[in-house]
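The following block contains the structure, expressed as structure tokens.
Chain naming follows the written order as A, B, C and D, and within any one chain the residues start at number 1.
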Amino acid sequence: MIGVPLTHILFLSTALFFIGVFGFLTRRNMITMLMSAELMLNSVNINFIAFNKYLFGHQLDGVFFTLFLIAIAAAEAAVAIAIIINIYRNYQSIDIDDADTLKF
Amino acid sequence: MSASIIALIPLVPLASFLLLGLFGRKYLSAISGWIGTLSLMFSAGLSLVTAYNYFFVSGKVNGVYQQITLAKFTWLAFSPEVSIDMGLFLDPISMMMIVIVTFISLMVHIYSLGYMKGEERFATYYAFLSLFTFSMLGLVLSCNIFQIYMFWELVGVSSYLLISFYFDRPSAVAASKKAFIVTRFADLGFLIGILILAFGAHTLDFKTLIEKLTTATPELHGMISSSFLGLSALTWGLLLVFAGGAGKSAMFPLHIWLPDAMEGPTPVSALIHAATMVVAGVYLVARLFPVFVMSCPGALQVVAYVGIFSSLFAAVIACTQTDIKRVLAYSTMSQIGYMMFALGVSGYSGEGGLGFTASMFHLFTHAMFKALLFLGAGSVIHYVHSNEMKDMGGLRKYMPVTHITFLIACLAIAGVPPFSGFFSKEEILTAAYHSNKAIYMIALFTAGLTAFYMFRLYFSIFWNKEYHAHDESTDAHHGEAPWTMKLPLLLLSILAFAAGFVPFGQFVSSDGHPLASEFHLALAIPPVVIGLLGIILALVMYRGQNNLSEKVSGLFSYLYQAAYRKFYIDEIYLFITRKVIFNLIAVPSAWVDKNLVDGAVNLSASMTGETSELIKGWQSGKMQQYAIWFFAGVIGLVIMFVCMWY
Amino acid sequence: MVLSFLVFVPLVTAIVILLCRSAGQVRLAALTGSLLQLGLTAFLLLAYTNERQAGNTDQMLFQYRTIWFAPLNIQYHVGVDGISVAMILLTAFIVLAGVLVSWKIENLTKEFFFLLLLLSAGAYGFFISLDLFVLFFFLEIAVIPKYLLIGIWGSGRKEYSATKLALMLMGGSALVFVGILGVYYYNGSQTFDMLELSKSHIPVAIQHFFFPFLFLGFGVFGALFPFHTWVPDGHSSAPTSASMFLAGISMKLGGYGCLRVATYLMPEGAHEYQSIIILLAAIAILYGAFATMMQTDLKYINAYSSVSHCGFVLLGIGMLTQTAIIGAVMQMVSHGLMTALFFAAIGMLYERTHTRAIEKMGGILKLTPFIGTVFFIAGLCSLGLPGFSGFAAEMTVFMGAWQNTEIWYRIATIAACASIVVTAVYILRALGKVMMGPVLDEQHADITDAGWNEKFATVLLIVAIVFIGIAPIFLQHLITPGAEAIMQNVSRAGF
Amino acid sequence: MDLSFLIAMKFEMMITLIIFVLLFLKIDGRASNQTTIRVAYGMLVLNLVLGFAGNVYVEIFNGMFRSTPLLAFEKNMLNLATLIIALSSYEWLRNHKHLAEFFMLLLSSLLGMFFMMSSCNMLMFYLGLELSTIPLAALCNFDLHKKISSEAAMKMILSSAFSSAILLFGVSLLYGCTGTFDFKMISALLTGSTLQDLAFILIFSGFAFKLSVVPFHLWTADVYEGSPIAVTAFLSVVSKAAMSFVFISVLYTVFGKLGSIWYAMLAVSAVITMIIGNLFALRQSNLKRFFAFSSIAQVGYLLISISSVSILGVASVVYFILIYIFSNLAAFGVISVISSLTGKESIEDYKGLYASNPKLALIMAISLFSLAGIPPTAGFFGKLFLLTAGASVHNWTLIIIASLNLIISLYYYLRIVRVMFIDETNEPLVKLNFSINETVAFLICVLGVLSVGFLRGVYELIFGLSSGL
């Protein structure tokens, strides 16, 4: 296959990862934060696929891991969103900074 | 005679102390006096027998009095050779001492039957008396320098207890405290001296100690050669031991407790602060006399000068005091000064050793007449209910027995022949004359002063103005005194007269060889003359009511004031203790403890609290900051890793 | 003789107390329990002396060992020598006296006696254990009961004092634990067993590093200057019997540990730090004495004087001569009894006059002759009067200290001797103010003299004090073999 | 086919069974709370009993899953802990609408932990991790109407998502280096290259988050405070225990080669964790929050012991956790009883507790002493063995700091003791009476706390097992 070298893809995934981190650290909206977390997970997925494809083509571990990862991410998202909805019930807001009654 | 019987001499008083101390107050308060007296009679008799036995039967081996140690057992062992042994040490001076102690103590016991009658703590009083007698006997019979130190402390505490007998009087409490602390301070010196001597000579036993330190042994050489601050270890040891003795014997500058000690009941003063305990210092120096005189003359010099100065100093003060007991107290101090410098000027063996004999002789006679004086003063006080001269005068009609006996005592102490004081004083002066003229002159002058202030006392009590009872009620009911108080006076006066004729040198001498004391008329006359002068002066000034005394005191007003204020020694002490020690050491150390040491602990505690309060903001409830910290943690780990590997 | 009984008897008593229904039963149980302890220790003394007379020259008698934590080579190993026996006797006396003195405790009687007996169990265990881990175990058992005793039944700033005491003692034991670990890992064969440790040679550098941990750690318990500051507050806030126990036994745990663990197992370390120890001890002696002069609360007076007296213990240990070590142990015993007696007397007085300020009292001797006499005896013993235990002990320490020929140590000794004067000053001050003089507070006029329990307790202690004071040779003989064993190690290490 | 997996996965299957039974009961809907709860208790007990039988070394799913005697022991410890939690939260659950769900979620989280512990493969490990985390997040929010409960759940789920993402990134990098997820092969292929080290650091942070090591700990206190007490107990005891077991085995077996790196990390983070945990615990007024920080401080001690790569270290950790289960759950039991009966959770409310409820006060005190490491409670031995193990590598600064931290911790534990025993108050708690279930739970805990130290067998057994790690 014509040469997109591994490093490019790693760049992409790493960039994605740090974008996710950035979003998670800066976004005030819980849903957005959750999305940023998903973004980080996806960068991980890209990593797995890429490594699997480029380095260890004879096996499928990475791919499997990715599949599991997607599933789990979905589950996590489900629970997280449920919780966030509950937050909204209690706080009438999903701004992360409003939910800071527990402190010190 | 067997040790166990001799051991009874101190033990019987101990037994009576325990008996009275434990049960006296509740059960035997009525008969406690008699219990004490009987026990004392017993041990007095026993000690007389023992002394007789020692002096005339067993003590002398081919002309030399031996030092016999009996009933010795180990009390504590520190190293193979250094150990505290308890035992009975028999030699001429200890024999003399037990006789004095038991006899005077017996007199005081009998006297107190009358004097202390009706006291609430009668039994306790007798218990303490017995305790004192026991400790004093133990002291004089000690065979071991540490044993003597122990009984030394015990006499100290029993004196403390007896001075503070009237403990609801603040003055008595203060006086007892002062007495104990001052002597304790001296004992500190004694203790260190013991430590030095003991580990220099590798023994605590008197006999061995004296042998080792008077003959050329490695120990002696070691102690002389090893020096600290310019003085040899031996000198240090002896001086410190002497300091202990000076404390007990109220030598300048440690004398301040003695006058105040007169707060105690008068018989107690007679026993402890006149006849027995206060001479313990002299006794101690006499114990170690061979070491002083042979190995360390320098220390002996110090003894001599301290002694003579104290005696003059005290005599001067005594001329101005108006409290009769205080006068007597200062005269005691002065007489002990006599004994001290007598030891100081003495040599060893033969004629040279006259001073030693004289000193012991004076100790003996002084015990008699000073006890008599105190008891006499006691019965006067008992009659007048006051210590002040101004409340007295013309008492000779009212209390003839006291009057006569008191007169005898005064003559004795003034050194008028043929009373006992004359002989002992004469010997002392002779010894002083032969060794040190300066001391001799001062001693002579002091003798004059002594005669003067004693007769000042005598006249102003028994002659001077007519007696007016300040309140009829108190002394109307009783006459002069009950027989229990008269009897000791009479007995003592006989002895105060006769004690001088004892051929003392035959028995007591520095080296155990009998010392033929020949009589030098030339040296005998001056003291007598001076004494008589003093008496006449007192006669003129105080025989009748006149203002001569005021004139005289006005003449030397400064001196008089200074002497009357005891040369401000007490004030100086007060300054040192209160201002210096208290304010400069005690207060700061308490402050340091409260603020620095304790403060450090509290500070560390509060610091922890502060920190935790400080960093609480970290836990800011904001989810994203947590995440930031999380990420920072990761970065931190990475950085750490980088630092570690590159 | 099964030594473990010494631990079990108090424990069983404590449990029985928990099961008791009424306060009366509790008191009875406590009394019988402590009497049993006394009997047991008396029997121990007999058995011990018999063994010795029978020529048994083992260093430790009645040894018993069983594996506890095999992987760490921790054994429950107990045994006694003369020193331990002396301390055990002391403990028994004080526990009995303490139980008697606190007879009238009304509030939470059951808990009080339970904790008291738990404490005593800890003390016994500490004195008999030969395995460092076990020793540490028993050392720490004692901390919490003290805290509760002071906190619940105390007076004054009790919470502050209790916390301070608990934390400082915890700090001490933390240091001790570090030291123990050091010993454990560096002695070659990983063992906590003291007898083996004393034979195995710990490298000198290691000793120099770890000795301070052990010595300071135990020093905190033993009121080593400047870690003594828990003593005054703790003692003065504690209820009477707790003060007796604190001053009488807990501080002795420290001294015993400094001797038996620090000095015995790390002789080179001891030599290395000798001068510092002696300096601190001398400071503690004088400084404590002077600080006492300033106190006006009787308990503070006795607490500070305890600091000063425990200085003698550390001084004796620091001097590293056999006599001095014997003296140190004698001083521990003597001070334990004496200070317990003093606290008992203060407690009795406090119950009656409801004050401990000396200027508020006066002429008590006239009102309550018995308590007054007890006060005098305690005071005179504490100022080192011959005929009481204090004198013999202090003199032994001085003598032993003087045997150390180094000139500076002798000067330190002289400084220590000087304390006898200061002691006299503050003791007589207290006696004079409280016992003598006119009766100040007319409310005191109707106070009653000691009850049977108090009489029993004080007489018990006084008898012990006087016996040691009159015939210290027995105590000395009891201690000597142990001290010799320690000295063997010390001299093997140093000069 | 071989049935060895029956033995190997007996715990997991048992838990699954319980979950399903409860599920059916719920679906069926006729069973009252009482019956449900009885069933749950009964099956948990059965589970515990079965746990002791036939524990051998088995590997299945060609090396993805293994079971060793040590693992079995650890799992059974967790079973016991879960049982105790279930028992002592009776008062709270008795009338709870979602009783069955509670147990299901709790047990599925436990199931996840079991898988995680037995895993020999990154994939299996990650599945277990998530399976243990997600239900916990749901549990945190179990009191739906409580604000703080939902906030706690939110913090839990979001931060754990974040952390697992980071951990996964590390895993992916590791995969890139080695090309395998199997633990053995990974450890064989590790070369210590920079990328591997980076991967390790990321994974380490993931673990640190779960173990709430400073500075990854910040979520802990909030989540503990917000969640229902039973969940807090589960979080602070069971999940922490499981995590530390896994942590040890992963560190020792997988990353053994990088020891020189993670030793330093452990040492540093241990010190920080102890100090910060103690400092924060000092000033807490809410008991749950207080215990959160105290548990953080305890983790510091755990790390010290882990840092000494030795059987002794492993054994001490397991031993400590066993004791920690007893002492901490006793405390949480008391809190849960009091809070579910009176709704009071702050330290001040416990004033004069001994006067009103002596039993509860005593249990609390014993567990506090055990946590503070005061003899004769077992905590003394646990803590000391941790330090002893830590000292075996002669890092004395670490040991000294740790033992000085004991002082601070003693201070704040004593603070509660003081409140319960010494302080007086004018509105004390009423006399509370609780059901037999709590009593049983308390009995187990107190017996454990008082006896474990003196049963010499226990430590030897654990030591023997850990040698077969």
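In this text, contacts are C-beta pairs under 8 Å (C-beta built on N, C-alpha and C of every residue); 3 or more make two chains touch, one makes a residue touch a chain.
Just so we're clear, the structure is a prediction, and the values are computed from it rather than from any experiment.
Chain-level centrality, scored on Cα centres against the all-protein Cα centre, points to C. A comparison of the A-D and C-D interfaces places the larger number of contacting C-beta pairs at A-D.
If you average the CA atoms of chain A and of chain D, the two centres end up 27 Å from each other. Centroid to centroid, with C-alpha atoms defining each point, chain A and chain C lie 66 Å apart. A straight line joining the Cα centres of chain C and chain D is 43 Å long. Our note on geometry: chain A versus chain B, Cα centroid distance of 98 Å, whole angstroms.
Chain A has residues 24, 33, 99-103 in contact with two or more other chains.
Looking at chain D, residues 154-155, 158, 162, 166, 221-222 sit in touch with two or more other chains. Chain B has residues 616, 619, 621, 623, 627 in contact with two or more other chains. Contacting chain pairs in the structure are A-B, A-D, B-C, B-D, C-D. Within the complex formed with chain A, the residues of chain B that make contact are 616-617, 619-624, 627-628, 631.
Across the complex, chain C meets chain D through its residues 67-72, 133, 137-138, 140-141, 143-144, 147-148, 151-152, 158-159, 162-163, 166-167, 170-171, 174-175, 177-178, 181-182, 184-185, 209. Against chain B, in their complex, chain D makes its touches with residues 154-155, 158-159, 162-163, 166, 197-198, 201-202, 204-205, 208-209, 215-216, 218-219, 221-222, 261, 264-265, 268, 276, 279-280, 282-283, 408. Across the interface of their complex, chain C is touched by residues 25, 74-79, 82, 84, 146, 150-151, 153-154, 157, 160, 164, 167-168, 170, 173-174, 176-177, 180-181, 184-185, 187-188, 191-192, 195, 198-199, 228, 582, 585-587, 589-590, 592-593, 597-598, 600-601, 605 of chain B.
Put simply, chain B touches chain D in their complex at residues 608-609, 611-613, 615-616, 618-619, 621, 623, 625-627, 629-630, 632-634, 636-638, 640-641, 644-645.
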